[in-house]
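Each chain gets a letter, A, B and C, in the order it is written, and its residues are counted from 1.
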Amino acid sequence: MAEVQLSIKNLHKSYDRLDVLKGVDLDVHKGEVVVLLGPSGCGKSTLLRCINGLETINEGTITLDGEVISGKSQAEMSKYRQKIGMVFQSYDLFPHKNIIDNITMAPRKVQGRDRVSAEKEARDLLARVGLLDKEKAFPRMLSGGQKQRVAIVRALEMHPEMMLFDEVTAALDPEMVREVLDVMLELAGQGLTMLIVTHEMAFARAIADRIIFMDGGHIVEQSDPETFFTHPKTDRAKEFLENFEFVARKRKNDSV
Amino acid sequence: MLVLAIDAAREPAISILFRGNNFVRLLGGLWVTIRISMISAVLSIPLGILFGIFMMRKNPAAKAVSRVYLDFIRIMPQLVLLFIVYFGTTRAFGINLSGELSAIIVFVLWGTAEMGDLVRGALSSIPKHQYESAAALGMTPMEINIYVIIPQTLRRLIPLAINLITRMIKTTSLIVLIGVVEVLKTGQQIIDANRFAFPTAALPIYGVIFFLYFFTCWPISLLAKYLEKRWKN
Amino acid sequence: MDWTFIQEYIPMYVEAGELTLTIGILGIILSILIGMIASAIEYYKIPVLRQIVSIYVELSRNTPLLVQLFFLYFGLPKIGIRWSSELCGIVGLSFLGGSYMTEAFRSGLETVEPIQKESALSLGFTPLETMIDVILPQALAVTVPSLVANVIFLIKETSVFSGIALADLMYVAKDLIGLYYKTPEALSMLVLAYLIILLPVSIIGTLLERRLRYAGFGN
């Protein structure tokens, strides 16, 4: 197995008195695609936010490439965040910049890259996600799915070693979900390390190397996707999966 | 008399407030200000509501007239308006308006314009689907207004109208400049009368007037803020 | 109307208008600076300073400029702080305007969604870069209408300077009325002078607002 890239030890996080993460241990290997599943409020989004330093943690350590990145100030986090790309649920493009500037702003200002090469790379990436014709458009002129593809490109342009996806399709209209998931599938095929929080079960099964099932602030179960979806070990995971099946069957009955 | 004056000079200047009925006189001055603002507010609010509804009319002439009125009143400093009414009417019509009456005329003209604009803003901020969904429930236009539109409009309007009252009170301070004896003028009189006994009286007197205004306006502002927060949704 | 009288006294109005404008502009610049600093203190929730800012805002917004000026100009010299009426006007206007600008900037900053800050941070921007490159441009675009309204409001407020013996437009008009009884002439020139100063500001404001509106749409 490849080397461990990200290592989380005994992570605790609480808001006021509400404990959200109650001692999470997780190792992610280079090139691995890990999908985090679990009922809402189980702490999976909070876990991603802790990795990126958007939340201060109460206890534990987070290590990236052998370097401790938890407990740093926002200013110190800057250099680690350049290695970790993150895409959020929605509304995170900068509305005052057009698409190409949205993508090239961070490489130019943070990494000091020159405009010409940054824009060239941005165009290559936009072409790959089928949005080359939108480079001069402003975010408000794009559909939700297009915006999310740009957000992914914007993170990729920083040459991250790892990508975090926090329910990136949850706010999209159903017909736009596919175009975003396709881009993520393609990335997974290229060996980028990815941590994905999603509610798209079929997608999780297709993309994951490993499924992590969380509930109540703990990791309850982890296994390869085939095992998880066909033979979940714990009752809580079974219940979680059954909920989705029930929804699916009910919909089928309704449509008849 | 001389001895008394020297003795008094050793007293801290603030004690001038407790001499005779000085503080009561200041409060009397403040009352002149508040009375004028209250009369103006009470007249402007209903007139402003009518003006606001008038501005919603689609008639181009009505629109143009109200636009010019609103813009002129709002772009001119209130003191200029006071000068026009106080000095101008005397010349133009030969009527000698008192400072107080001129002030009320100006503040009603100004308050009506401001209130009208608030009413128009509140009315046009009610989304169209509110009318439509009320109509879909079978309400008559009258019922829609009474049960749906007016309650929502009022919630937006009342905090802003209360704020307008504090603006009215603050603006009323200008009337001293057209010769009305209000709180600043009373303060000046007290300072002048005691300029030998209390040479530094201007500091406490104007300081106290500052806080008299503050404690008049501040509670009203807090009320407006509270209502705004409470009715936000 | 006595046109020769008007012609004769136009230069006096021009001079007074220049004085009004100079003090107004200096006061507005200082107000904007105060507003930026105070709203930054509120945004970053700096303890102690934050409480001072909120006391200042309440004091300044709930008292009339004329009363503030009387205290500064007639009150403070009694404890040895002496200043010219010009300086007093600038200080008073900034004291008043600073709180209005603080509120304008605050509401601008409040409209920028937290996700904007987070996504900039996650791209590796430092907190300062996030503020300058991402949050401020969006906040300012939202702030423009209230900024323009404040500028107009503050220029109008300069009219009370005549109360502390500053030879501004009101002062000249009152002088001409008192000395020569040329009321219609003096008042017409007064109204015209304020229109000449304020109309362009109002028009530029409307144009700016239209240009910057895109940021208001967000995504």
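One rule holds in what follows: a contact is a pair of C-beta atoms (placed from the backbone, for glycine too) under 8 Å apart; a residue touches a chain by one contact, two chains touch by 3 or more.
Every value quoted in this text rests on a predicted model; they were computed, and no experiment measured them.
Identification of common neighbours of subunit B and subunit C yields an empty set. Counting C-beta pairs in contact, the chain pair with the highest total is B-C. The greatest centre-to-centre distance from subunit A, using averaged C-alpha positions, is reached by B.
Taking the mean of each chain's C-alpha atoms as its centre, the chain lying closest to the overall protein C-alpha centroid is C.
Note: centroid distance subunit B to subunit C, computed from Cα atoms, is 20 Å.
The mean-CA centres of subunit A and subunit C are about 46 angstrom from one another, to the nearest whole unit. Averaging C-alpha coordinates per chain places the centre of subunit A 55 Å away from that of subunit B.
In the complex of the two chains, the subunit C residues touching subunit A come out as 113, 115-116, 118-129, 133-134, 137-138, 141, 214-215, 217-219.
Interface residues of subunit C facing subunit B in the complex, by the touch rule stated above, are 58-59, 61-64, 66-68, 70-71, 74-79, 152, 156-160, 162-163, 170, 173-174, 177, 181, 183-184, 187, 190-191, 194-195, 198-199, 202. Remark: subunit B residues 13, 75-80, 83-84, 87-88, 90-92, 166, 170-171, 173-174, 176-177, 184, 187, 191, 199-207, 209-210, 213-214, 217-218, 221 touch subunit C in the complex.
By the touch criterion stated above, subunit A contacts subunit C in their complex at residues 52-54, 74-75, 77-79, 81-82, 84-86, 88, 90-96, 105-106, 109-111, 138-140, 147, 151, 154-155, 158.
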